[in-house]
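Below are the structure tokens for one structure; questions will follow.
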Amino acid sequence: MLSEQQAATATDLAQWYNTVRQRTLALTQGLSAEDMQLQSMPDASPTKWHLAHTSWFFETFVLKPHSVGYRVYDASFEYLFNSYYDAVGDRHPRPIRGLLSRPGIESIFAYRQYIDNAMDAVLAASPTPELAAVVITGLHHEMQHQELMLTDIKHALAQNPYAFDPPQSLTAQAQNNDQTATAEPSFSRFDEGLYCFGAAANGFSYDCERPRHRVFCHGFELSDRPVNNAQWLAFIAAGGYKDPAYWLSDGWNCRLNNQWQAPLYWKKIAGQWFELTLTGYQPIQLSAPVCHISYFEADAFARWAGCRLPSEFEWELAAQHLAIQGNFAESQRWQPQPSTANAGLQQLYGDVWEWTCSSYAAYPGFTPEQGALGEYNGKFMVNQYVLRGGSCATAQAQMRPSYRNFFYPHQRWQFSGLRLAR
Amino acid sequence: MLSEQQAATATDLAQWYNTVRQRTLALTQGLSAEDMQLQSMPDASPTKWHLAHTSWFFETFVLKPHSVGYRVYDASFEYLFNSYYDAVGDRHPRPIRGLLSRPGIESIFAYRQYIDNAMDAVLAASPTPELAAVVITGLHHEMQHQELMLTDIKHALAQNPYAFDPPQSLTAQAQNNDQTATAEPSFSRFDEGLYCFGAAANGFSYDCERPRHRVFCHGFELSDRPVNNAQWLAFIAAGGYKDPAYWLSDGWNCRLNNQWQAPLYWKKIAGQWFELTLTGYQPIQLSAPVCHISYFEADAFARWAGCRLPSEFEWELAAQHLAIQGNFAESQRWQPQPSTANAGLQQLYGDVWEWTCSSYAAYPGFTPEQGALGEYNGKFMVNQYVLRGGSCATAQAQMRPSYRNFFYPHQRWQFSGLRLAR
Amino acid sequence: MLSEQQAATATDLAQWYNTVRQRTLALTQGLSAEDMQLQSMPDASPTKWHLAHTSWFFETFVLKPHSVGYRVYDASFEYLFNSYYDAVGDRHPRPIRGLLSRPGIESIFAYRQYIDNAMDAVLAASPTPELAAVVITGLHHEMQHQELMLTDIKHALAQNPYAFDPPQSLTAQAQNNDQTATAEPSFSRFDEGLYCFGAAANGFSYDCERPRHRVFCHGFELSDRPVNNAQWLAFIAAGGYKDPAYWLSDGWNCRLNNQWQAPLYWKKIAGQWFELTLTGYQPIQLSAPVCHISYFEADAFARWAGCRLPSEFEWELAAQHLAIQGNFAESQRWQPQPSTANAGLQQLYGDVWEWTCSSYAAYPGFTPEQGALGEYNGKFMVNQYVLRGGSCATAQAQMRPSYRNFFYPHQRWQFSGLRLAR
Amino acid sequence: MLSEQQAATATDLAQWYNTVRQRTLALTQGLSAEDMQLQSMPDASPTKWHLAHTSWFFETFVLKPHSVGYRVYDASFEYLFNSYYDAVGDRHPRPIRGLLSRPGIESIFAYRQYIDNAMDAVLAASPTPELAAVVITGLHHEMQHQELMLTDIKHALAQNPYAFDPPQSLTAQAQNNDQTATAEPSFSRFDEGLYCFGAAANGFSYDCERPRHRVFCHGFELSDRPVNNAQWLAFIAAGGYKDPAYWLSDGWNCRLNNQWQAPLYWKKIAGQWFELTLTGYQPIQLSAPVCHISYFEADAFARWAGCRLPSEFEWELAAQHLAIQGNFAESQRWQPQPSTANAGLQQLYGDVWEWTCSSYAAYPGFTPEQGALGEYNGKFMVNQYVLRGGSCATAQAQMRPSYRNFFYPHQRWQFSGLRLAR
């Protein structure tokens, strides 16, 4: 697949555009019109809405302002598929996106095709660098929604006890109780210093990753691999979910109110733990990174383990010289994979997003984008925490050392895990 | 169409079964798989769920107990499509029926066909009177759900501002400001006496309509037609929605909390009132019965008009010797029709359900059905109010003088109106 | 104590006024300023508020309109101590009555004295019959609030685990497991007929008790005593709180949401049941009427026992020729007392309010009072159920055969019990 | 008053103890037993509870573990007056602290006296440095609660429209529309550098202020005075509360849900703005710092003004060499005072707490206290934002450059304001 650097020429950009847009469509394989309408909570959106909204993005920020003579596909879509851009206008309330049976999925597909045709014309006409930049933003935006399509449909289908075929002889399957899983993780050491963080000037990045700036880091150690399911089972067994001493006060209340006893999607059947995957229930893999945990749980685990969560800068320091490779969405496994024994610092990229202790905040000198796109990141900089590194549902093409994802500390439906620091 | 009296023979019953089942299917015309999945509030259910649940009813109460060798279509359906029968087992929570994308609509249609095939066999084999009685109950049950299918999809599509084609020159259309609309309604007088009410021994009835029993009625007068939209506009103009003096205390709080200013589905566009119908927005018809009002509004209107709501017995006294004809679902207009001038007592049946002041309660000597069907009516006898007469969405075949419908006083999504008494 | 009949002369009325007002004050014995400010739920009010509101009643409906030259004590009180009279003006929101630390209790006592002085003058001046009628209404109103003062302070102090002295050797105390408690209750039989119900023309009554009118009653049997605690323990032991088959659907949801497992104020300590009384925890008395139950529980018990709740007319038929005597507030025991063995129909009056199956509704021909007092009863006639007979916290002087009390079916903080019918 | 440094000897500590404890009592002047019981929201506590809880602190952490032969005053107090220490045991639920009419205020005063007597004995006996450290913590803890007593009673009395005497000719009073108020504020410049922050080794500090550590700060400018009411009125006039462009997304939702249009306690009467103070309503003082604003409002204002909030380190850098003086609680004015013209950097200490953009988080190497006191700060380090500098309700003796206060971004009932940075 083309990276955005390779997309410097108009031809490349057109090709990349088609690649990304096709991948979005490919994610609808196996989903019915009914599946694609599901919305199981206000935080999540229907597949159908994602399909339309990502197209609305190109229509709103590329075609309407920049394509001479462009005719809006359907005026109602401007209302229905605006996500949160106050500057663009009113919008359909987020919690009832699942009530949009009309337009039907066929109309949404037609809308996508209409936008793609119009975009092809724009991209064929050698867009200016400014316009190309907006298109590239639109493609990164679409890759973000590809990940949400996976996590949202997983959450939606999970509400239906009969969405998946019943597990066949699941309990008979032995857990991979290998040495990797239970081995004490090793830590890599990093020295104190004044380091540079954030996105470099060249290449794509979101406004919230800029400007590149200096931060003083104290010396620290970082675990060579994410916390795995074997460790999490030990936490459960040690009463980790029952002792408020390990928990933030808000976290403990959240745990009580939601009666959390294990990560989201975990289920104990006949004494054995299973987890729901995008292909149904599977036995817990001991040496795979724990997944679908909240910040509150990650923080409690770290305290129980006598460690802490790393800051986003500590994570970035460890990751910034590593190759961006790993278990990403392109593998289409959409499930964290086991760690490798004795492999040194691993899985920083891919598998699970790693909660950091950093509240999502503006970098010194932060300036939002001009216009409506200025609402992309800045207005969410409160009460959310930064996650780093991407997951098994993240497009690899989207990843950078400086990439900052962010969610509320109670949220668990993303492929979120943790790595210990001390 | 056959009445249940005509269905006395097995052949007739089989034929009637097919008629009712076909009519249910016919109601899905024009609805997509996505439309049929919509659930806009816990009170309402998806079309798809109604289709399945009415089949589940026959499977559970006829086929499983009475059809030798019957094989359950899908064990999961017993959980998914049980409505509220505790005696039958656990069930999928009502508020998230809209999250059932699986089974898909095609599976539901196949399920219906499977049930129909099995029922054909049962009905061909000369069922016992006891079994025939359960089948007839199932058909009445299905007709009730036909009405809910209409009211529920209306409510669901109403949440989508673009579900219907935009009204074309609606405001140009003149309102039928005829004399019928604004004429002072006449009242019919009924003398005091000890009367018999409730279902007769022969013919189908629900347990809650029995036993037939004596009630003493004081003399009263009943308006010859339901309150119409012209009267309701006068109520609005007189500040009826703004003065607590007309309202029950709970009703006033309900009005404040929900900011009611007009019946459900009414909308003022450029100074003119419109109402949403199953075919989109239409100008208010002045001489048609007001519809989609709550008990609270009905009661407030009656007090404002210096009258009161009739009791369910007063209604029944007036209706019991009238022919059961009117604007029912069979007409497929699904919208209350204007009253006729100088027609005497009219529209008791059809058009709109009429709120009575009677709390839904057991008749003296009431005995619920045996078994799970005993949950059909009795357990809802608290805090609901009786409506009588059927609406434009009610099957005529379902109607009897003794038929008791019931809803909570705040509910408005049924085709509910009122008739004044004094 | 004087009855209202005896209060026909001005002297008598003045004397009765003083008696009732003094009794209200007497109820504050043992309560601190802090106790009197407690409001534990929106349904209940602080003692202090009751003291002021009952005075506001005389100020608003007697002194301001009828006492020439009367000067309002404090204009702010008109806002603070109006309960729900929309016609009188705006008012302090009910749920935050407990936040009124100012005026302090001393001001409230001074207010009462000021009102009493002004009322003495009015009453000394031979009030017209019309004015006397309002005064008498005010006294009945005050007696109603005397009962609420008891039930509200009981509920408030119950929220504080250390409000009462610890029970001393409570568990050692033997329960009065006498034969009365466990004896099968006998039933009295009443014949069908057209009977008259409601308040007679002479003597005080509320508008909702009028007009006296005919109701046809079918033959029925009524238990000779209220359901007692021994029976309730049997209900609990039989799983009455665990089987939805006995419950109304709304009742079952209410039970689940509130996790009811026993009447309000019951507590199991070391295997023995206790109940909170106004003097602290006491062991359950087996032969005393069960108390502090909701309509939902009463209805479930009756169904479990193969009986039903009586209608309000059935109760009135049984009670209307009995002497109005029993365990009323005047005894100052404020706790239901055990039944007597073989005593025939007993305890219809006093001890516990008896839930009936009658929804609180207007009698045929009901006309509310003129003016603001018209809001006294009529606007509450929805979704509440009638209780009859008075309790151990009701003033005997307030009781009549036609007296209708009413509460929501989920409410339990009144001294409410039940008597079986069949 | 003695500082904690002066309290190095036992005599000094005893004297300081008495001073702080007496000041707490002094804050109850003018409050009735009823006032002291008020709890107007779960975030706030009754005065009475503060009085008891601060005593419970000494009983629990000093007397019970360290005073030989100490007899607990009342075992129930251990349950009633524990705030949030899970390690100490169960506790009375915070939202219903206002329902504790018993023990009465006289018992609470007696409890305080009992504790003081026991503490006098402890302090007279030359406590070990470790014990002295806990006592000093208890005094700082008590000073924190002194501030909460003021803010909580202000909030409680504000719910009562008649708690204060009516304002007399308030509107006639001219606003101090002086030049100071509307003059463009000047900014002080600070250079980038690696600076040390946090509490020094000697002297009292909370665990969350430690360890002292290095942070790299970029160059910045800080306004010489807090944002004042004249500026805030300009923000309101410019539509600051109506344009989502200035607001964080969560902030805008919070504003909508709570219908904020001005700071808490502001009220427009006849076209003029007033604010509620602890002595009643006063006209807005234009040159006084704006107060009672949330983080969300502070952030929106800063964005509107083309600036930002400072980080807590920027604030500390500016403040660390300034004398700790200003308008503190000792002045007993309990209201922010106007700024002085041309005075350079001013009012960093006192007047209003200044919101910073720093999420409340652990410093590198943070270690909570041992034992239950470890719950003091660490478990609140999520979703709260740091405020610095103290307010007009803060004890001066409590203030340090490193002092970190923290609240949720929606909270407004503290004396919270802001200072701009850029």
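First chain written, first letter: the chains are A, B, C and D, and each begins at residue 1.
Throughout what follows, contacts are C-beta pairs under 8 Å (C-beta built on N, C-alpha and C of every residue); 3 or more make two chains touch, one makes a residue touch a chain.
As the structure is a prediction and not an experimental result, all values here were calculated from the model.
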{"item": "Mutual neighbours - chains that touch chain A and chain D alike", "value": "none"}
{"item": "Steps needed, at fewest, to go from chain A to chain C via touching chains", "value": "2"}
{"item": "Centre-of-Cα separation between chain D and chain B, whole angstrom", "value": "59"}
{"item": "Length of the line joining the C-alpha centres of chain A and chain B, rounded to whole Å", "value": "47"}
{"item": "Intercentroid distance (Cα basis), chain C paired with chain B, Å", "value": "38"}
{"item": "For chain C, residues contacting two or more additional chains", "value": "none"}
{"item": "Arrangement of touching chains [line / ring / star / complete / other]", "value": "ring"}
{"item": "Every chain pair meeting the contact rule", "value": "A-B, A-D, B-C, C-D"}
{"item": "List of chain B residues in touch with chain C within their complex", "value": "84, 86-87, 194, 213-216, 218, 244-245, 247-252, 295-296, 299, 308, 357, 359, 361-362, 364-365, 379-383, 409"}
{"item": "In the complex with chain C, residue positions of chain D that touch it", "value": "32-35, 37-38, 40, 76, 79-80, 92, 96, 98-105, 156-157, 159-163"}
